[in-house]
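Every chain is named by a letter (A, B, C, D, E and F) in the order it is written, and numbering of its residues begins at 1.
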Amino acid sequence: MSVRTLVSDEEASAEVRAVFDDIRETRGSDFINNFWRALAHDPLQLNKVWEELKEIMGPGTIDPVTKEMIYIAVSTANGCEYCIHSHTAAAKAKGMSEAQHSELISIIGMAGKTNHLVTALQVPVDDVFKAE
Amino acid sequence: MSVRTLVSDEEASAEVRAVFDDIRETRGSDFINNFWRALAHDPLQLNKVWEELKEIMGPGTIDPVTKEMIYIAVSTANGCEYCIHSHTAAAKAKGMSEAQHSELISIIGMAGKTNHLVTALQVPVDDVFKAE
Amino acid sequence: MSVRTLVSDEEASAEVRAVFDDIRETRGSDFINNFWRALAHDPLQLNKVWEELKEIMGPGTIDPVTKEMIYIAVSTANGCEYCIHSHTAAAKAKGMSEAQHSELISIIGMAGKTNHLVTALQVPVDDVFKAE
Amino acid sequence: MSVRTLVSDEEASAEVRAVFDDIRETRGSDFINNFWRALAHDPLQLNKVWEELKEIMGPGTIDPVTKEMIYIAVSTANGCEYCIHSHTAAAKAKGMSEAQHSELISIIGMAGKTNHLVTALQVPVDDVFKAE
Amino acid sequence: MSVRTLVSDEEASAEVRAVFDDIRETRGSDFINNFWRALAHDPLQLNKVWEELKEIMGPGTIDPVTKEMIYIAVSTANGCEYCIHSHTAAAKAKGMSEAQHSELISIIGMAGKTNHLVTALQVPVDDVFKAE
Amino acid sequence: MSVRTLVSDEEASAEVRAVFDDIRETRGSDFINNFWRALAHDPLQLNKVWEELKEIMGPGTIDPVTKEMIYIAVSTANGCEYCIHSHTAAAKAKGMSEAQHSELISIIGMAGKTNHLVTALQVPVDDVFKAE
């Protein structure tokens, strides 16, 4: 149902193939998911988005499972079906337990609720919360 | 700027006062933020929201700082100004470092970007991501 | 904080003045709120939006208070601060009680929660819900 | 397409079965929709969400059809496909007429439009709309 | 999967048929897309939405391809799958090149990212940006 | 009201100063808006976001004013107050006329309306719109 066809390995240019190779090596898996195949019509954009994702989701001060849970949280609030599926799969692959998944969903649901309550009431920000 | 006035300690009914007392005791602080004062016009709702939040944000399989970061992620995607302020303050109080805050913001920004890319392209969900 | 100045009665062209007059007469009040003053830079658009609003929010099969509550519900989910304020004021002016306001907010909060739960879980639509 | 399997009656634990029984009795129907089957992996959450929904959507100062229409309004603005389907079905079952459905959709569309106009113009909130 | 059936040419009333005829003539094509067939249950609304769309998307100070790109941008941020598909098809039919489509998607992704960064940081609006 | 202080020229590190200098030179203006001052707590992120924005908003197949209008469209649907203000100012500085601004707002409003109508009705995507 994409608005663009998905680029297969056979159709991939040398530039696209290089990114696909790096995705495969970085992830230790032969699988290239549809997101990259849809982006591949624009090799430069494919390369930039992959480099950015690799860096931001790579080692840092937040652990890999937490990073995926944050990604699921944003994607849920934005209603991005594909992103919820792909990052839930990634979170599980990186060690998110069933109990953590349930707890994550509870927090997302609670945040969705209080976001709506606060907005409907237009609660003013407390002075102590402001940086300046 | 609220669509409702904020209930002060003096105006609080016994029912509201009981919730305010529990908030103060649970948090070990005398401060009651505006969200609770706006909800207090409906004591039953105030009580239920507080009990739900206390339970979901309490001890579990996800650590307290991560819970607050997930809350910030949802609140940002939903554009809830108040919630971003209050949960950023809570995350810092519970130990989120400046480096973690920057990294959290990078992930939220990256997710915002790929959510929009995926949606604009209407990328179909890979079969391997589906539960059934 | 508008990106445009607000058109005062003195600055209003004859075309704008005619719409302002109709708003005043329809509402039985001399007050013209800022939304119309911001739209007034484009008299044709001002006229069309006002005619559309007057018709849709006028008599029909849904009562006036319910119409305003539906408007508040959409505006909250869309995070439109101005719209929440103006339609909450309108709902109260048309008879929404404090108890109904609290109940409305509870429903909006509950919907916000289950919307997030359903989306995070990507629950498939039951066949019986589909029209075809 | 769920990120979780749906819990069938056969797979349901005693705790889940008790909630399913209450849903069936409350609604006077044997049908359990997918939302509850997806939540059932976490029996505690299933129970809490059901109790909250039963209370909020139960008797109050807002009539049952209006409650469902408010739910449809929020779910539409949040883009929750499942929720729009399930609550439109519920609204019809509770008596929403075709004419009311059309009128509801007109109001939601109008609100979507003015929400965007107001936001694009960043119209400042009139002082008379503020509670304090 | 609509919550309503789609009105076929055979089922169309005279009023609906008149709108369908005008859509066909205006577009120089026999094809009527599903949006209009879903709206056709309410002939008055069908007529009004079509007239509004025809006028706003018709000749003006912004060229037709740009108008469609703006429509895609809004529809992406709102997560409207149908609208993204239909307006991407329209933009291509009106001359949007593959390179422009890629560039459009890059801008939408970038805006999605900075919207999230700005919101997470709650950056205050610079005084010079305000109209008054 | 930021959740972070804004970095002044005096507080800027050499790394931050280099980005500020490039912003000034690229724009031919001494003014650094708050977005960059808020990002400056994380010099690496500041640099990356600026480089990405400079490239995407620079010369390409879509003209500069159209790029800003697309940015305004996304920012409006996402409810990003700051971004609407800053990109409306940028669009005007690059030549967007008052008439184009009004037309842009009409299109955004129309898209907001039809996005909501389509979503409320859950209109199925026509087969001819799909890429595969």
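Note that a residue touches a chain if its C-beta (ideal position, glycine included) is under 8 Å from a C-beta of that chain, and two chains touch if they have at least 3 such contacts.
Predicted model, so just to flag it, every value in this text is computed and none were measured.
Taking the definition of touch as given, a chain qualifies here only if it contacts chain A and chain F alike; those chains are B, C, D, E. Considering the contact criterion stated above, the chains in touch with chain E and with chain F alike are A, B, C, D. Farthest chain from chain F (centres taken as the mean of C-alpha atoms): D. Chain centres were defined as the mean of their Cα atoms; on that basis the chain farthest from chain A turns out to be C. Rounded to whole angstrom units, the spacing between the C-alpha centres of chain A and chain B is 20. The mean-CA centres of chain B and chain F are about 27 angstrom from one another, to the nearest whole unit. Between the CA-based centres of chain A and chain C the separation comes to 34 Å, rounded to the whole angstrom. Among the residues of chain B, those touching two or more other chains are numbered 1-4, 6, 49, 52, 74, 76-81, 84-85, 88-89, 104-106, 108-117, 119-122, 125, 129-130.
Taken as a contact graph, the chains are fully connected, with every chain touching every other chain. Contact residues on chain C toward chain E in their complex (touch as defined above): 1-6, 48, 52, 125, 129-132. Note for the complex: chain D touches chain C at residues 1-4, 6, 31, 33-35, 38-39, 49, 52-53, 56-57, 60-62, 66-67, 69-71, 73-78, 80-83, 85-86, 88-89, 97, 99-100, 103-104, 106-108, 110-115, 117-126, 128-130.
Note for the complex: chain B touches chain E at residues 72, 76-77, 79, 81, 84-85, 104-105, 108-117, 119-122. Only residues 79, 81, 84-85, 88-89, 98, 102, 105-106, 109, 116 of chain F touch chain C when the two sit together in their complex. Within the complex, the chain A residues that touch chain E are 1, 3, 41-42, 45, 49, 74, 78-80.
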